[in-house]
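Okay, got some structures for you below.
Here come two complexes built around chain A, the first alongside chain B, the second alongside chain C.
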Partner chain A sequence: MRQNPPRSFWQSLVVRIPYAWLLALFLVPFLIVLKISLSQSAIARPPYTPVFDLAAGWHGIHAFFAALSFDNYVLIGSDPIYVVSYLKSVEIAAFSTLILLLVGYPIAYAIARTPRHWQAVLIVLTVLPFWTSLLIRIYAWMNILQRDGPLNALLVALSIVKEPPVWLSTNTAIFIGVVYSYLPFMVLPLYATLEKLDESLLEAAADLGCPRWKIFWLVTLPLSSSGIIAGVLLCFIPIVGEFVIPDLLGGSRSPMIGQTIWMEFFGNKDWPAAAAVAVVLVCLLVAPILVYQNQAMRAVERD
Partner chain B sequence: MQSAGSKRGFAPWADPSVRPLLRLESLSKRFGGFTAVDHLSLDIYEGEFFALLGPSGCGKTTLLRMIAGFERPSTGRIVLDGIDLAPVPPYRRPVNMMFQSYALFPHLNVEANVAFGLKQEGLSKLEIARRVADMLALVKLDTFGRRKPHELSGGQRQRVALARSLVKRPRLLLLDEPMAALDKKLRGETRFELMELQRRLGLTFVIVTHDQSEAMTVADRIAVMDHGRLMQVAPPAALYEQPNSRWVADFVGDVNLFEGRLGDDGLSVEGTAAGRLRVAAKSEAEPGQVVWVAVRPEKLRIAPEQPLTGLDNSVAATVVDIGYLGDTSLYKLRIRDGSQIKAAVANVGRADGALALEQRVWLSWPPEAAIVLTR
Partner chain C sequence: MRKVSAVNLAAIAIGIAFLYLPIVILVIYSFNASRLVAVWGGWSTRWYAELMSDAPILDAAFISIRLALVSATAATILGTLAALALARFGRFRGRLLFAAMIYAPLVMPEVITGLSLLLLFVAFAAERGFWTVAIAHTTMAMCFVTVIVQSRLVGFDMSLEEAAMDLGATPFATFFAVTLPLTLPAIAAAWMLAFALSLDDLVIASFTTGPGATTLPIRIYSEVRLGVKPEMNAVCSIMVGVVGVAVIAASLLAKLSGGERAAPAQP
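Right, the complex of A and B next:
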């Protein structure tokens, strides 16, 4: 390990700002949600008990902690609707991340192999959809995927199908919307690693007897693993909690976990249950982040 | 004077019955409007250590990359062992290359890097392990097999790259500036290790370098290149003592040139800045033709008085610059027409007879020390 020189006051301040940011905007809100998840639903304002009240003194604080319970977590474990919702979210996220990787890798590879002055243009084109609001783009997809929409019109015109199929309110529509929306998050980290790939390594592999497909398998793919991991996590984690796309394009029969949380909050007005579902989701997602952290640390050590 | 052979008495190029291992026939490579290699023909023989020497951008690396198969020739043929390599992709050529950047696979350890090429041949695990171990022992890296490239020093990485390209026992090993990234001391040692390795394995090496002392040390023959063309192909000593042009004489080492007209006897050059100069070997140029007398700096003698041998090959000069290098001293001297002469003197004694700036001296050289160049 390298020995770092002692930091000055200003240097250490700069280093601490990100920690302060995480503390104020991630850890504190999370602790509030965690507290709510241990509360009981009530018809009140706010709609749960107990409420922390310093005025009640030491006795009040004792009573506050005594009133907290894990009932909501027991509920999540016992009602299959939650388990099914988690599984569906993970399934949709895993499958669409796989599609994203299969679609995004060739795109990133092609951009990285384009002459340099064209690469910037292609990268801008990749992120161009972000210029428009996600909501508007998903509404546009609703239009495209309608029964009498442009997609079916095209398929019928090309005689690929006889009867226009139903797209909306299916998992297929969710996959289309998710893959479309998250593609830049997959392409950008992959491009960043592929663009750095030393061309002479590919030549060396060819020189040592590798045909082209084998060079890809033995050199390009392993050397882009950090980009693959970054892209997969950047897509998988937010897709698990995705709300807008499944809500607008998917069916209502089996909701994803984002929709379930929304329902608990706004339909059932059960803040504690919604908070508990959210806490479990965070815990589920911390696992892949830790894997990524570990990988990133190893990459830093390697350089 | 010079034999056609190299220092180890190895000279297949002088024997017309020997078939060359590699034959380049009128090879050209153009990139758009730029001609990197220009109708170049060259024979390289089995067991030879061949150097391509030239300034950067002279096309030597392009030539190497064409032999390896990374660049397609615009015209001409590359024939190895009698087989035209044009339709053979890089991964099927019996040629390996050591890259200037080494191009070691960063995700593989030393053993896996060296084993990479053997695995593509489909050899048994046992055979691969044995050959990798042998090769690592040969380059003295036996204890480093489990390390990743980033855990090695520059010199060790260079050896891994060498081992990786040698382990497949190529018919031809191409080395692209193999020592450019090493520090000076290590470079000196590595040259001799490379020569020993080449001789022990009996393989044919083609090295690309811009460093003339490197080429002179390792190579049996050197091809000097400029602007995509061969200027001269010769063993190191012949190249140094009998350059065929002013350009080669100047590129390989330092040289003093005196322009004049060839005398009637073919053994003297008239009207140079140093007067009439005599040479030992008869030039094939016509009498009266403009020629140049070339004298290497270390062949000049510096004396305080005019030598008694006569007026030929001696000239009065003033010391204008002194470079003390320890083992030798380099002097710049001005002669009467204002031009500068370079002289190198080995410091045999300890600072005896050292010259001072502005000192008046006489320069002289024997007729055998000079040669006549016609271009």
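Right, the complex of A and C next:
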């Protein structure tokens, strides 16, 4: 890192403009969410009370703070709908991240073992689907998983099943959609560490008579741990709050937490409850997000 | 030359097939003449023709493209500034918070970003519509831009900048004569990513939009919620085609201009 040279006012704008933007549009909104989660739902515009009223002076500020309450959090803790929804989200995210790791690792490993000029092509091919809309990719799976869709037609034709099974509105469909959508996010960081792996270490282990599965277990896997951590976090965190995939493939009977926030907001129009559900979700994710940030920052600056 | 083992080849082949088969099936279905999606009625471009007279879809597409142009450009400017700050300004005051605000939105669930921005707009009584969505998309996309541009800035030879300054170039002249041209492939790739992110986004747009600013994903979502529709197969196929051509063109462009780090999309 370079020493700081003194900077002119104009140069300091390079920092100040994006900084101000992020403070105003990332940090401040969070504080507002926090504040509204302590408010009460009301039939008004905006649909919550109390509304901050600076015109009322000191008295108004006092009244404002007196009217805040933790009722929404008590509700979240006591109503099984929310608890079940959180648990389901974490469970789905954990399982699908595990599947992603098991599916993504062999692919990333295989790509890293191909000749160099292939690697670039294969990585572009892996990332390309990520560029098309998530909505479209999930919609493509709605086509495939329909009751009389191509998957069931294939299964019946191969006489694997007699009766076409129902896929849509099941957790299996959510798993398929999540694994499909997040695969590039798992493969890329894994590939990035596996590609840098020093092959002479593997050769040394082999020369010393280590069997291949043991080389993998003792050398390759530990050396790729930073890629594993990055991939796991990059998938797990957003999957917990995923909305589109569970909504289109999983149905609304047993919603994930992203759907619950959506329903509180658009369906019940209970903004304070939606805000409280969101705050609890952020609290759940704070630890993994901090670990991820640390990793990502170090990775970029090490480059 | 390393030989690729059969197991590795199989892993790659299955992986690629898994990623592309659903999209291929979608495109094939979009040419199905039958209204019942599951029944194959022969090849036809009927749904594409019907699309051309579907005013709400065309309006939504137009709004989405305008939105993506505006927000990708704003996000690229802001994100590049932020990348410069992180890569070239050393340890300035508040750097940790700044970096945290860049990296957190990359993994933040969209439902939360959308909800928090909406509540901000409501708190300031901003009228919701095209511009609120544009601001929201800019905020989301600029962080991706920063990461892409920053990794390029960190990777390139700083002595080039120092040489320019030693020869008497002002910091501004150095930036425009040395830094910008060398980072341009990454900036272009970042702009494209920002464009694609905006064009694709459903959740943040749903929260922050208002009357008269229905984007294409919002339109598609409201149509497909209740099941598969042949017209939607056609819309989605067109979007896949446009994005596919654009990304391949950009990758070739990046390759031609020698930006080996500018391969699109390192999320």
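As a working rule, the second predicted complex is superposed on the first by the 264 of 303 C-alpha atoms of A that agree within 3 Å, B and C clash if a C-alpha of one lies under 4 Å from a C-alpha of the other, contacts with A are read in each partner's own complex, and residues count from 1 in each chain.
The rule is simple: a residue touches a chain if its C-beta (ideal position, glycine included) is under 8 Å from a C-beta of that chain, and two chains touch if they have at least 3 such contacts.
Keep in mind that this is a model prediction, so the values were computed, not measured.
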item	value
More chain A residues in contact [chain B versus chain C]	C
Contacts of A:P106 with chain B and chain C, given as first, second, both or neither	second
First, second, both or neither for A:S69, with chain B first and chain C second	neither
Contacts of A:G209 with chain B and chain C, given as first, second, both or neither	first
Shared chain A contacts, counted only where both chain B and chain C touch the same residue	303
Residue ranges of chain A touching chain B (in the complex, touch as defined)	198, 200-201, 203-211, 214, 218-219, 222-223, 302-303
Chain A residues within the chain C interface of the complex	1-4, 7, 10-11, 14-15, 17-19, 21-23, 25-30, 32-33, 36, 46, 52, 103, 106-107, 109-111, 113-115, 120, 122-137, 139-144, 146-150, 180, 183-185, 187-188, 233-234, 237-238, 240-244, 247-248, 258, 261-262, 265-266, 271, 274-275, 278, 281-282, 285, 289, 292-293, 296-297, 300-301, 303
Complex interface listing, chain C residues touching chain A	1-2, 4-5, 7-9, 11-12, 15-16, 18-20, 22-23, 25-26, 29, 37-38, 78-79, 81-82, 84-85, 88-92, 94, 98-112, 115-117, 119-120, 122-123, 135-136, 139, 142, 146-147, 150-151, 154-155, 158, 171-172, 193, 196, 199-200, 202-203, 206-207, 217, 220-221, 224-225, 227-228, 232-233, 236, 239-240, 243-244, 247, 251, 263-267
Touching residues on chain B, where the partner in the complex is chain A	68-70, 89-92, 95-97, 99, 101, 103-107, 116-117, 120-121, 148, 150, 164-165, 168
